[in-house]
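Got some structures for you, see below.
Two complexes follow with chain A in common, the first pairing it with chain B and the second with chain C.
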Partner chain A sequence: MSAPEASVAVRQRRGSFGRLFVSELQLVFGRRRNQVGLVVLLGLVTMLGVALKVSQLRHPGARGGDIISAVAGNGIFLGFAGLTIEIALFLPLAVSVLAGDAIAGEANLGTLRYLLTSPVSRVRLLAVKACALGVGSLVGALVVALGGVLVGTALFGAGPLITLSGSRIGIGDGLLRLLLAVLYVTVGLAALGMIGLFVSTLTEQPIAATVATAMVSTLLWILDAVPQLDWLHPWLLVDRWSAFIDLLRDPIFTDRMVTGLWVDLAYGVVFFGAAWLRFRNKNITS
Partner chain B sequence: MTATRGAAGRRTLWLVAAGALAAAGITGLMARGAVADPTLPPLTPAELLAKVAAADVDGMSATFEQRSDLGLPTLPTSSLPDGEDLSSAIALLTGNHTVRVWVAAPDKAKVALVDGSTESAAIRNGNEVWLWSSEKQQAKHATLDPSAKPTPTATPMSPSEAITKFLDEIEPTTEVTTSGSGYVAGRAVYQLVLTPKDDASLVAQVRVSVDAQTFVPLGARVIADDGTDAISVAATSVDFTRPSDDVFAFAPPPGVEVTEMTKDSAPSGTEKPKGDAKEPTVHGTGWTAVAISPASTEKPDKELTTILESLPEVSGSWGHGRLLSTALVTAVVTDDGRVAIGAVTPERIYAALAER
Partner chain C sequence: MSPDHAAISSNGLGKRFGRQQVVVDLDLDVPRGSCYGFIGPNGSGKTTTIRMLLGLVRPDAGSCAVLGEEMPAAGGRVLPRVGALVEGPAFHPYLSGLTNLLRLDAADGTSDPATARSRAGAALERVGLIAAANKRYRAYSLGMRQRLGIAAALLQPRDLLVLDEPTNGLDPQGTREVRHLVAELAAEGTTIFLSSHLLSEVEQLCDHVGVMREGRMVAQGPLAELHGLRTRRFRLRTADTAVAFQVLAGLGVGDAVEGADGIVGGLGELEPDRIVRALVDAGVGVRAFGPLAASLEDAFVELTGEGFDVSA
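== the complex of A and B ==
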């Protein structure tokens, strides 16, 4: 094979990877249940905003110091509050659904063997699935954060934010920090997605894979809440998921988030590797 | 076929290696300081203390982690009597906390407790002092009197004289050595080791880590008799560049309640607990001192009684009471309401109670 031919082959392979990725995204975001899922995520943050508005109207002046109470003074905080609330259950659940569909769903529908006829290797196929899970995590977190900002601004108005350190930052700076929070949450959710991807290669039942992944995240949260197990906490995937709140300090406190990103990365690499080891030699019978 | 399988095998190997590397990276991140000790020129305790006293840095920003394992049962702090101050003090003593510290000059400093999604800070900027609590949405402010000079000590001493005097004073009860240099926050440190000589002390050792370059203390550990770290405070990251002045500027955000502190209402730390008419007596000195509060006729409230009744009963020539024994602290509450507390073995507490 001469050099130009080889480069054409490489380009073709890259092109097929890209095409597969785009079609995967179309598939993920075209599914009615995933669209409904996004609406549910948005609905939850709206519900939180409305509940806070009602409580503000009923008890004007009462104000606590936590992030949820801060929403009453500034709608932008609803973006942060939405992430804080939904990271515990609903965002991981959404990622679990996507991960369950990724391999087990295709196997269940019998479409996996057709997918394997596309001119990409199995590891690339798995990488496409993993990237789509990452995009899904990002979109989920974005919908919660941006939906929170829009709903919050409509209900409470927007203005300069008061950080946890008592200083004031402008709206632009606040939105930038919210975007960083979204990215941080995305990395954590994508790491959970890799656990889900691995589980998804073990079964042909998407529901089983989804339930197992959601249970893993819930179990990790429960373990993280048991004070007697504090020696274990630094090793749990979810332990530093809420550390994005450190973005609301002045100056921003990065230590916990950096460690959190390393933990996410380790979980992601290990479980993507496990998924690949399993998927590499898997007999695709359906 | 064999070629592809070989390639796949190699890839497996790479993958396993990557996974192992990631796991190792995390382990390393979690257990920093497990590397070989640095070789530092030996210093005697007096030399080390002299260098600490002479330490001069432009400023620093650091993060400290505090861990406590006192072996105390996890108490529902909300149910404790005596209001917020006591329960927050107990909360500080137990569990783990993260503290950020900035220093730019003797009169420019900020300490912030950054646990969970709240922040409490104390800021000194020139003559202005602010206390901030994000949880209570409260700011307290005080203006220091610029004319007030620090009260001069009765006999002015040079630092080296003071150190010699200090070492002489603790010498009878404590063995002071420097040893086992290690790493704190990735920096080589000297360790000053204080070992109580009295066996009755529950404190096995106090180790203070001092940065080998700047001679700024970066951590301290109180090791209990059973070998556990009862209390440890250590820097996790430290930077010796002068922090920007913005860090020390504090203006209370709008809508926040600001309390002016005057001399009469000094910060709660220096306040005496209310209703404590009689002073406790102290038996013994140094590490094995035992404080005994006088008998009180006041009935403890219900929750406290419940907690007390769950403790083991003890009795002796001194009377009868309940024993709270932890890794670092022993306390006995007698039936007549006396409370004896000290970092000593229960036997020493009984002896102190019998002395009366």
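== the complex of A and C ==
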């Protein structure tokens, strides 16, 4: 037995999930493009706040009954309003960008072959990528919600919230409900992330994977808006994404959200499984 | 595992991409402790073979074993002991060289996080890249990228190094340094599997060679044996060419021809001394006589039937 062999023999197998996961988060959040993406998400909710402020100044007293109009009376509502506005396009787009990069980005750079020969097992690499997508979804939703609260408070002030049911809840209770809304949105976005992860295993072009994932989410929203397809709506991933608004009822209405979480989970499991089946024996020629 | 196991062996290894049969019935035999040169024209299946050995591409025929264990099944156990540079370096452009190495180290489940920085630093030191450790990879020159790729292969003590064109893109000084490094690692007992299109590099560094042609192994063995495969030739300088040709014909040398640099012919089974004696006995004035050194390139061209053109 040669000298180097002996030194390798004493090396124990340790788990690499934690270290690779930390490295993955540094990679995702250290990347300038992703940081700009977060700023854009924040900028959109800021624009919404400013637009509402301007319209309030021009038409004082005009007030609708929905969540967006409620912002004019209480800045904390801008957190909910931001999520409502961005859940349709911008948050899914952000997740699509991250998911497109997950495997296809590494394949495109050629770093995939070096990761796999390091070695990291393919299922572990997929799991790390999936968890990083979950964190990315959470951070995106958090930035929108907390950014909305800060901007809204600065523009409209903060105070106890009037729920959609007409009752009054304290600021602390309101913020707690906003946090629950963020977590609910995160689960839905992460499920979309699993679709993106699957697409990402099919190509070596991250842009293609991103575009395909964003198209899937947009298509789902369009299908969800066609009344003739109402039989299909309960099965669509995005159908209950906006149900976090039920957190603003008193008492909180949970039926739609619970079903929504099950749908998210089903999509997540199916597409993570599909990604694994595809990636497990894939020939890495990049 | 017995020490006489081959570092790499394969049995009937084959791979097809679509209609193209890229590797056919390949039997590799890389002895432990050897420096094995894997040569062949572009497109002859070298890189696909390397990818199969490393578990990146699944063979659809035959089997291969690395360090005595079946690949790709034993990848988790085998690959930590294998350093690899496959088809050029590849790193994240917006991370520094050091951060890129730490990321690869984090992926290896057997590596010790406590020593990660010192090992990465030592690897960078060894390839002469320590001064650029914190520069972003995108700012690296081609030669620096190549060195970083080699540093990644040296993050751990390895039993086997698979180096695909390790001197690609390096300047002459860098080429010398890398060859010196490879020779040093080989001297330490690490088995080296070196794929190269530079025959002089293989001739200089390797003691074993395998020659690929259109997905098949056309010759494999110790370098000296490959040299021996080539027909031995001699060169004769003399003023008495007419008599010399007669003598040579009498000895059975039928293929002697006169060139600008004298008469050249094949030795066949003849001993050089016998030819000289016969020439002198016949009164031919011999100015110079000697065997023609067969370069590996000659042997290579003879075996593959082509130069460095891309195989279709």
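The criterion applied here is as follows: the second predicted complex is superposed on the first by the 269 of 286 C-alpha atoms of A that agree within 3 Å, B and C clash if a C-alpha of one lies under 4 Å from a C-alpha of the other, contacts with A are read in each partner's own complex, and residues count from 1 in each chain.
Convention: a residue touches a chain if its C-beta (ideal position, glycine included) is under 8 Å from a C-beta of that chain, and two chains touch if they have at least 3 such contacts.
This one's a predicted model, so the numbers in the text were calculated from it and none came from an experiment.
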First, second, both or neither for A:113, with chain B first and chain C second: second
Contacts of A:48 with chain B and chain C, given as first, second, both or neither: neither
Which of chain B and chain C A:30 touches, first, second, both or neither: second
Partner chain in contact with A:16 - chain B first, chain C second, else both or neither: second
Touched partner set for A:283, first chain B, second chain C, both or neither: second
Touching partner for A:263 - first (chain B), second (chain C), both, neither: first
Chain A residues within the chain C interface of the complex: 1-5, 7-8, 11-16, 19-20, 22-23, 26-27, 30-32, 109-111, 113-121, 124-125, 281, 283-285
Chain A-touching residues of chain B, taken from the complex the two chains share: 8, 11-12, 15-16, 18-19, 22-23, 25-26, 29-30, 63, 74, 95-96, 98, 100, 112, 114, 116-119, 121, 132-137, 139, 236-237, 247, 250-253, 255-256
Chain B-touching residues of chain A, taken from the complex the two chains share: 63-67, 73, 84, 123, 162, 164-168, 227, 230, 234-235, 242, 245-246, 249, 251, 253, 255-256, 259, 262-263, 265-266, 269-270, 273, 276-277, 280
Of all residues in chain C, those that touch chain A in their complex: 3, 17, 32-33, 51, 54-58, 75-76, 79-82, 84, 86-88, 90-95, 99, 102-113, 152, 156-159, 188-190
